[in-house]
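Below is one structure, written out as structure tokens; comments come after it.
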């Protein structure tokens, strides 16, 4: 049988090369990570490379989406929550939607589970996915993508039963952030795993950004921890602290002060422009961004140790 | 010996703040409930206090996927790292929304909103027109799913005024069962059954029922609440006065639930 | 905030009490575990307690189902694979289906993914679940449960698109075997996790049989390992080696010799009757069954150590 | 330096057994394939040999949920514990069948069957009538899904006789694309493209095509194969003779893939 000694395909790339190779003008790009492991660094590199006319798919359109809007990358947004977490508003997004300033935003609005089901349908190559949301909501009246199907089975009361459905989403590329992967792309996540696996399987191509690339033996010591197997991954990018200002469980904590600050930064177009100039256009890459934040800043986000107890996978004797 | 029993001893605590009042009143409504779908803030405070008083077996489920959290610090978001370390389970969002929430495992869901109407329908999407709103709010998130799939929904509204309690929503994000049934679709739960505000408690029994004022806080009159409500609010014949937070409840809230006063500000 | 010191509900029960409380004549009972962690001991206790008229739902109807058929417990079988793994045949099942001997078996046949989708629909409270199986198969002609729905979205070629659907299954009780759980029912599984979580969520009640009950701190050191949270579990039964002849990753290996032997035992009704008399009716409980197998036998199934490397969940400082 | 290149040195190995022959021939057909959905037995041997020769990047996916297995012993079942320890990933069956298989990630699926017809439709359910069969076979398992969702399907049949290669199936468990299209449903893949037997290799290009005999083993004639087939089997104009297993292939199979001869018996 093929053993561990055989070299698997090496999919590691720099962030610059991965974005250049897998994100093109006009693409549909999913960025996932629910509060945890938000692929911010990838979003910044998309802005630096000046991508245009993107359709961005993201359940929680938060800071990184506001930044991509400010970078002029996005014409269409598919989302179920457009806010700066519980910390306030997204200034650029609100200007785009409320006043078409500086230009209109094509917003396709769903609910959280509607977005999850769109990924599930995309991942499972289904024409639609049924869900018990939307009945009586005004959302279907502004989103023709939300439709209904009649069940071929009688309902609980014996009469015909209708249920809402959403269509699949099949991004050109999905980008996620994770704690670690091997060079072939076997990706391990712990803590909140969100909708990352479904978003990757729904996409034509997938880029995984990780805190660290680890040896095969690390991944293989715990195969249940692998949330995305290598066959679904096209590029692996090592980018420590690439999820800032969100957090990476066991690596660094959420930068809550930055979330609160963002509402003020993004509210003022001039201040937002300055911030983008300094932190995105004014940094070569994420390493420069993290260095500019400074080690004192990172020390404030450092976390202590709470190790999982090992389990025995067993070995035939 | 329960914590609630011991916390009643000692000197009288300071008067309750608005946050404390809402948390305590909401916690009492959770008596005998098992699973609560809660966001961070007052709902978490209420559920945590209920755990120490009227609902010892309560489990808080967070939209982010956490079940049975045992944080050693008060969380600042529904996905705070401290909720994960030491939790009993972390589920994918597909499992959480599909199997746990839509599967019918939630007794009480907590929701907030910018607007609520007499049937407990909620708006968290826009003020004004959806296409070009005066104010773009965050949208549904999981609110629509919490409404459709929880056995009942509690709403905590800090502000009780005619701009929030409206005759007609600008947009219906999260519909109660009446609106769903009008489309021929039967939802699992009863929709909003309790609205807890700075003025009192509104209640609704289920399908076809309007919210009624069932209790006011001490010093508040039914007339004041009706004036603060954008529709012709019905008042219960046996209108009660809310029992103020007890010394025991306040001590638990202040000393055990939120000693750092992250949410009790 | 509620801390770890608070006592959760204790759901531990003996196997005898759990089966008496949660399995009734006429019930629909799902037993899941795909090759790994098959709840054999629970099946044996159902036989000992003489349950009748059960509808058994199990993807792979293998040895434990053949035994329950031989015990006269089952009138209806819902399954997608009726065979003794790759080791041969199920004698009692074949007699029931091929010759209605000693009585007919109502067999509702699906494919593996059809069964998975039935559990998914049950767990998610959906009226149906769509899947890309069954087109052109003869199975729908003998199973009216398999139907079709027309998608409300145009197909890839712009024309209307049909897709097959299966109905939900909502067992009265689902029984699974797992490596470990806490007393409240938070259940951790590693290695093959199969369809256990979906089968539990699809059911009205759930019984989890475990190799060992562990302290809260063990489960909580690794919450991502919890496949079934306590809110979905009604009883926790400690029953070491309760999955024999299947295996429990890290605890004991598969008894391949027994699988091969079963084809011969079950082929001969007299020999099957003797086996049942000795090993099921002739044992008070699973402890007696495992003791009768003998420590030499168990030594042959023992496994060595291959521990997972720990991950850091982090702790706020 | 590849293993295949080095294994050719040394003395001539013993002649190939039937199992070895089928494994070697199947392995060659996997050239440049990436993901293979395989059961235990000859398909695993073929994929493992291909990994060492014509398809170094091949990944075997097992129906039980295992991806990227690195067993230190040869597995006896698709869910053998040795497949899990040291694997790259273990998925739930819902993810495996839903996202991996139905999601379209499988290049080649391996299937067996009791009966196959000229279009590559397969029966693994019953001999005789479904309601009261002469022989009840295991049924679909995941076979129907492998057929519908793999880009192509390879069938390895030890026995090549008119009882297995039939004009009309007793029951169609796993239909090829022609039968699905007749129902107006377009499947992902081409259905069965290769059938490897003790007599030779049958091939089929895709929709609307019949299986044709494209190669025979040394010493076998087209007439023999036609006589062993229950329909009027077409024979390729350029009928080839299968190159016998090379010494290198046999050494790899015997020394590295299945040294314990678990399946090569």
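Letters A, B, C and D mark the chains as written, and numbering starts fresh at 1 in each.
Going forward, contacts are C-beta pairs under 8 Å (C-beta built on N, C-alpha and C of every residue); 3 or more make two chains touch, one makes a residue touch a chain.
Going by UniProt, the chains are A, C = CoA transferase subunit A; B, D = 3-oxoadipate--succinyl-CoA transferase subunit B.
These numbers come from a predicted model, not from an experiment.
In terms of C-beta pairs in contact, which of A-D and C-D ranks higher?
C-D
What chain lies farthest away from chain C once each centre is taken as the mean of the Cα atoms?
For chain C, the chain whose C-alpha mean is farthest off is B.
Between chain B and chain D, what is the separation of their C-alpha centroids in Å?
Whole-Å distance between the two chain centres: 58.
Measure off the straight-line distance from the CA centroid of chain A to the CA centroid of chain C, and report it in whole Å.
Distance between chain centres: 35 Å.
Calculate how many whole Å lie between the centre of chain A and the centre of chain D, each centre taken as the average of the chain's C-alpha atoms.
About 38 Å separates the centre of chain A from that of chain D.
When the C-alpha atoms of chain C and chain D are each averaged to a single point, how far apart are the two points in Å?
Chain centroid spacing, chain C to chain D, equals 29 Å.
What positions in chain A touch 2 or more of the other chains?
120, 125-126, 131-132, 155, 163, 191, 193, 197-198, 221, 224, 249, 253, 303, 306, 313-316
For chain B, what residues touch not just one other chain but two or more?
Each of 66, 81, 84-86, 90, 98, 102, 149, 188 in chain B touches at least two other chains.
Every pair of chains that touch: which are they?
Here the touching pairs of chains are A-B, A-C, A-D, B-C, C-D.
In the complex of these two chains, what residues of chain C are touching chain A?
125-132, 147-153, 155, 161, 163, 165, 167, 179, 188, 190-191, 193, 218, 221-222, 224-225, 249-251, 253, 302-317
List the residues on chain D that touch chain A in their complex, please.
That would be residues 34-35, 44, 48, 51-52, 56-57, 59, 61, 66-75, 81-82, 84-91, 95, 98-100, 102-105, 149, 188, 256-257 of chain D.
Please name which positions on chain A make contact with chain B in the complex.
The touching residues are 34-36, 60, 79-83, 85-86, 93-94, 97-100, 109-113, 116, 119-120, 131-139, 142, 155-157, 162-164, 191-195, 197-198, 247, 249, 253-254, 256, 303, 306.
Taking the complex as given, what residues does chain A use to touch chain D?
Per the stated touch rule, the residues are 1-4, 6, 8-9, 120, 123-126, 182, 184, 186, 197-198, 201, 216, 219-221, 223-224, 226, 228-232, 313-316.
Within the complex, which stretch of chain D touches chain C?
Residues in contact with chain C: 39-41, 63-66, 76-81, 84-86, 90, 92-94, 97-98, 101-102, 121, 125, 130-145, 148-149, 171-188.
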